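For reference, the structures are reproduced in the following blocks.
In the two assemblies presented below, subunit A is common to both, partnered first by subunit B and then by subunit C.
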Partner chain A sequence: MLDAAATLTQDRQRLELSALSAPAVIFTVAMIAFPVVYTIWLGFQSFSSTGKQSFVGLANYSKLIVDTEFWHGLWVTIALYVLSLVLQLVFGIWLALVLFHAKRLPGIVRSLFISPFMMPPVVAGMMWLVILDPSLGAANYILQCFGLPPSEWLASPTWVIPTVALIDSWQWTPYVALIVLGGLQSLPPSVYEAAQIDGASPFKTFQRITLPLLLPTIVTAAILRSVDLLRFFDIIYITTQGGPGNASNTLNIYGFRVGFEFFNIGYASALMLTLTAIVFGAVLAFNRLRGAVAW
Partner chain B sequence: MMDAPTTDRWIRRLNLLQLVLAGIIIMTPTVWMVLSSFKPSFEVTAYPPTLIFTPTMENYIELTKTTPFVSYAINSLIVTVGSTGLGLLFGIPAAFAVSWTRISWPAILTLAARMAPGTLFLLPWYVMFRQIGMIGSYTALILSHAVITLPIVIWVLLPSFDSIPRSVFEAAQVDGCSVTRVLWRIALPLVASGVAIAAILAFVFSWNYFLFALVLSNGDTKTLIAAAFNFIGEGSTQWGALMAAATLIALPPLILAALVQRWLVSGLTLGAVKG
Partner chain C sequence: MNARMFAVRAAVSVLAVAVVSAEVRAADFNWKKFQGKTVTFLANNNPVAQALLTYKSDFEKLTGMTLKVDGYQEQQMRQRLVTVMNAHSDEVDVFMTLPSREGEQFAAAGWYADLSAMAKNDVAKEYDPSGLSQALLKAATFGSKLTSMPMNIEGPIFYYRTDIFKKCGIEKPVSIKDVEAAAAKIKACDSVVTPFVSRGLKPAVAYTFSNMLHNIGGTYIANGKSNLCSPKGKEALDTYSRLLRDFGPPGVVNYSFQQISALYRGGRAAMSFESSNELRTVMEGGARLKDTALMPFPAGEAGQVPTVIGWGMAVSSYSKQPDVAWYFVQWATSPDVQKKMALQGIAPPRPSVANDPEYRKWIDEEPVRKQWQAALDVLATKGSSEVGYPIVANPESREFIGQAVQDLILKQKSVDQACADADRALDALIAQK
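After this line comes the complex of A and B, so read on.
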């Protein structure tokens, strides 16, 4: 009798808990899961200029293989990704060490350090557009002051990728630094003390002790940045729209333009599914790496 | 050979120097943007650039006169508040249920949605919203932005709910409280600060999000971020107004972020790092 009552309450409880997560699950299925399935279906369709659609099988994917613009976009995406990630990790770790040794950080300093990545990337794009203007920008004036030749920055096909990587790194290096700082603060102080007693130099201590212990945190930062960097969009769309020419045409920009400027929804779907596979592949690879460096 | 305290002092000075250097690199572009927004129009494009000038409000006045800046701002506010509200409404109970049952797939499902490139959803949304005539509606914008806010709310709140001792819930249940009552009457007040952080982060990221509004808004519902494009077009020779627009767009997220800076990192990493 008591058992039956207990089971009844438990069933009721389970039902209530399901009901609590139901809105979020239904919303996500309606807004994400169903649309993604729809995108997969769209990837097998072709849309004519009159809006008529027809089933074309894998034609969009075979088109992808011979589309030089796709391979160019993949190259741009990877170049921008690797360059930005390396910049942000290297300077992020440096900045984290500096912040860690500063001991006390007043709130105002912390607010200052988070300001770049809390502002919209679109705003970052707008401000750097003005600073990096080839003829009137402040950046070239500073270069001149140091006797360096002015750069075309975003207007140069050769320099546009490094420049965009620089803008993104200005925005997100402090974020990486704060994550790594969190990792540093959670390390047991006893390991440093032991190293100090052994007479290890600060550099050796960092290389042999701090860095290996920090690796899981660094990989976490790399995962979080990879997700954003592989689908790079905002700053490029605001500053160059993929230009000059197609020099900064990342896969996400290319897919967006195929879909919403040329209205080739079928091919854009195939492009976006490919990019999504790349993003998830990178995350899974890094997740394995995190497992390998965990302690 | 220097003695230890002297070396220590030098190391500390060197560290401070690096800190100041990093601060300057981080701050200068933003300061430049704000300064430029207060420059008279003839001075903003001056070369070499000037640092000393008489500040003026003319750029801000020009911005509100020549563009529908205020109505864009109202659109941004409607979409951001709407999507933050929706994210909290769906996210709070979901986070509570995930924390209670330890069944994490609903939380992971929403996170996966955050990892995929936005264009992946935007293509089918565009096709579907067009069919039911919802392109340009606030509803479409709020629903799409809730895809951003929902995982933020869930993942920021999960650790907060997890940190409440189970015995608190069990005691309440013995007193005959239903699960839903435990959430609203007992758990929610205990995680109030977590809810505030989740709300602020959701607001900031919804406010900053560019891609969805670019396609799903129309002339009447265009948000500030989506309109930034127009400002650049009009501002090609008017850097002052462009920088005034940039400053005003960045202001709400920066103010909100400053309020919660201390708790921001653990929230931003969606629980990946305990800060």
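After this line comes the complex of A and C, so read on.
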């Protein structure tokens, strides 16, 4: 009898708690679900240049398959992603090691090292646009001081992707370094003491101990940067707007132009949903990798 | 009395009645009619809006209304507008628009309220709608709808360094060929300075390229098809891209007005083909005040057909208070406000303001301002508002013009290939309804 009463009370409490939290849960779900569902719905619509709307089923997705600009955008997105991610992971790990070992480095210097990622990307883009201007910028002046030929940087179809990748890496390598530094600080000292006793060289220690133990942290950093890099927009828009020609026209920039400059919101939604699927795919792949390297 | 005379007399009588009734209405005009109301203005944060909004409090004092300003950079303003209009929202009453760019598109989408009746019937005595540039009013009329009222007049003009021309023994260019010859001479005479600079950034190219195309005698469309591969079209593409490739600054494919003005103002370009609006920026610091001359872009085979455009103020068709919004549009495009803006370097779209003694005094203070006004007078009388293709998808058409020019600057395609690729894409745009 008593048990039944207690269960009833518990059920009632649970119901009350659910009722109290329901508005917040409904609001949060609606805030996340509505834009996604709306974008999916838009992907099945066609908007003419004058804003007239009609249901077209999967036509936007079949158009995407034969759209050379889409495939070019996908290639640019992936090229920029791979190049930037590699640069940021390599230099991020290196910077983290420097900060980890240089324990006497004053706090202000440490803060300076990690400050770029605190800068708004629009400001970073404007700053680099000025620095890399082939006529007026400091970059070519410095190159010429060392007797090197000037470069067209962002204005060269060949160099624009490496240059944009460098700008993004300048900004986000410290962020990767900060994550890796956290991982380094959590590694067990006993393993290093054992390696020292066994006479392992610093390189061997890094190769056989630090790197394998850091892998889960590195993969986490890679996941975080992957999501950002595949959605990369601001710096490209500020510096090149997808140019010269369409050399830096990523899927994001292409989708933005289709949607907001040419007013074809339906096709832009289809493009963005495809990009979202790619981002999810990359995150899932990295998550599996993280599971495999966990210790 | 014959039938013709009767008709003339009848027409004169009707006109007289119309004028008298308009005057009566103007005399009845009350700026405080909508006291207490709020007007929301979606503004492009450019020098035109900045100059106008200096007098925001004057409007609020005159009308007793509140002006809520929603200001963004140009592209962001359009994004906001597209979102608001697609949602059929009434949150914007008045917005800035470029009829030469988006006029066809916005008019076809039904986003503009028709201002014809309000501009005729609901005006203050001093407003004088017929005093506004007729070319710009025409450019803002789609079908029979007057979609916006002109805020300014602008277009690309030719800035050149008189000191460098003198040093290199070059006469003032009178033709496009002279510009190219001058650039070649400057390249040989002064290796430090960039001989010629203009727009190379893909979406920005059409603004200056259109002037070149029209001067050469080309047209964008012939017989309903894109005409870039016509001999004149190819000549324009070739000349424009050759000038930038051979005599422009490195990285010119990323150049729009900011970079061009910075280069010229810094004394690192001898000739610049850029917007008349950039005068204030170019003259900032005063370094270029005494060594610069201005004129419309030199003539081609078809003479001088400069590009002339202007920002306009439109009332949203979804505004729930178009009559209230009209009061703001009227105030902002009135002779008094346009005179004040003109004294800040915003070229007025009213000949009466351009002839105002106070404005003339400001113009006469510097020779360069005189030349600027003279160039604008040519733009106002001879100008064409065709920037890119006169079709609904005008903004997209500019992309393909820019792409063709960039392909040539970067030597990625031959002229034949670049114009053929552009024509193919543009024909598809023209065919779109």
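The rule is short, and it goes like this: the second predicted complex is superposed on the first by the 261 of 295 C-alpha atoms of A that agree within 3 Å, B and C clash if a C-alpha of one lies under 4 Å from a C-alpha of the other, contacts with A are read in each partner's own complex, and residues count from 1 in each chain.
In this text, a contact is a pair of C-beta atoms (placed from the backbone, for glycine too) under 8 Å apart; a residue touches a chain by one contact, two chains touch by 3 or more.
These numbers were taken from a predicted model, which means no experiment stands behind them.
For the composite obtained by superposing both complexes on subunit A, the positions of subunit B and subunit C are in clash.
When the shared chain is aligned, no partner comes close enough to touch A:L74: not subunit B, not subunit C. Once the two structures are superposed, subunit B and subunit C can be ranked by residues of subunit A touched, with B on top.
When the shared chain is aligned, no partner comes close enough to touch A:I209: not subunit B, not subunit C. Of the two partner chains, both subunit B and subunit C are touched by A:F260. Of the two partner chains placed around the shared chain by superposition, subunit C is the only one that A:L154 touches, whereas subunit B remains out of contact.
Contacts of A:L224 after superposition: subunit B is touched, whereas subunit C is not reached. By the touch criterion stated above, A:L136 is placed in contact with subunit B and with subunit C alike. In the superposition on chain A, A:V293 makes contact with neither subunit B nor subunit C.
Of the two partner chains placed by superposition, only subunit B is touched by A:P174; subunit C is not.
Steric collision with subunit B, judged by C-alpha atoms after aligning on chain A, is confined to one stretch of subunit C among 63-71, 153-161 or 207-215, namely 63-71. Under the contact criterion defined above, the residues of subunit A that touch both subunit B in one complex and subunit C in the other are 135-136, 260, 265. Those residues of subunit B that touch subunit A in the shared complex are 11-12, 15-16, 18-19, 22-23, 25-27, 29-30, 32-33, 36, 45, 47-49, 89-91, 93-94, 96-98, 100-101, 106, 109-110, 112-128, 143-144, 146-147, 150, 154, 178-180, 183, 204, 207-208, 210-211, 214-215, 225, 228-229, 231-232, 239, 242-243, 245-246, 249-250, 253-254, 256-258, 261-262, 264-266, 268-269, 272-275.
Within the complex formed with subunit A, the residues of subunit C that make contact are 75, 78-79, 82, 85-86, 105, 108-111, 194, 201-203, 249-254, 259, 262-263, 266, 268, 392-393, 395-396, 399, 403, 406-407, 410, 412, 432-433. Those residues of subunit A that touch subunit B in the complex are listed here as 12-13, 16-21, 23-25, 27-28, 31-33, 35-36, 38-39, 42, 94-95, 98-99, 101-102, 107, 109-116, 118-124, 126-131, 135-136, 138, 141, 170, 174-175, 178-179, 181-183, 186, 217, 220, 223-224, 227, 230-231, 233-234, 237-238, 252, 255-256, 259-260, 265, 268-269, 272-273, 275-276, 279-280, 283. Touching subunit C in their complex are the following residues of subunit A: 48-52, 133-136, 150, 152-157, 239-246, 257, 260-263, 265.
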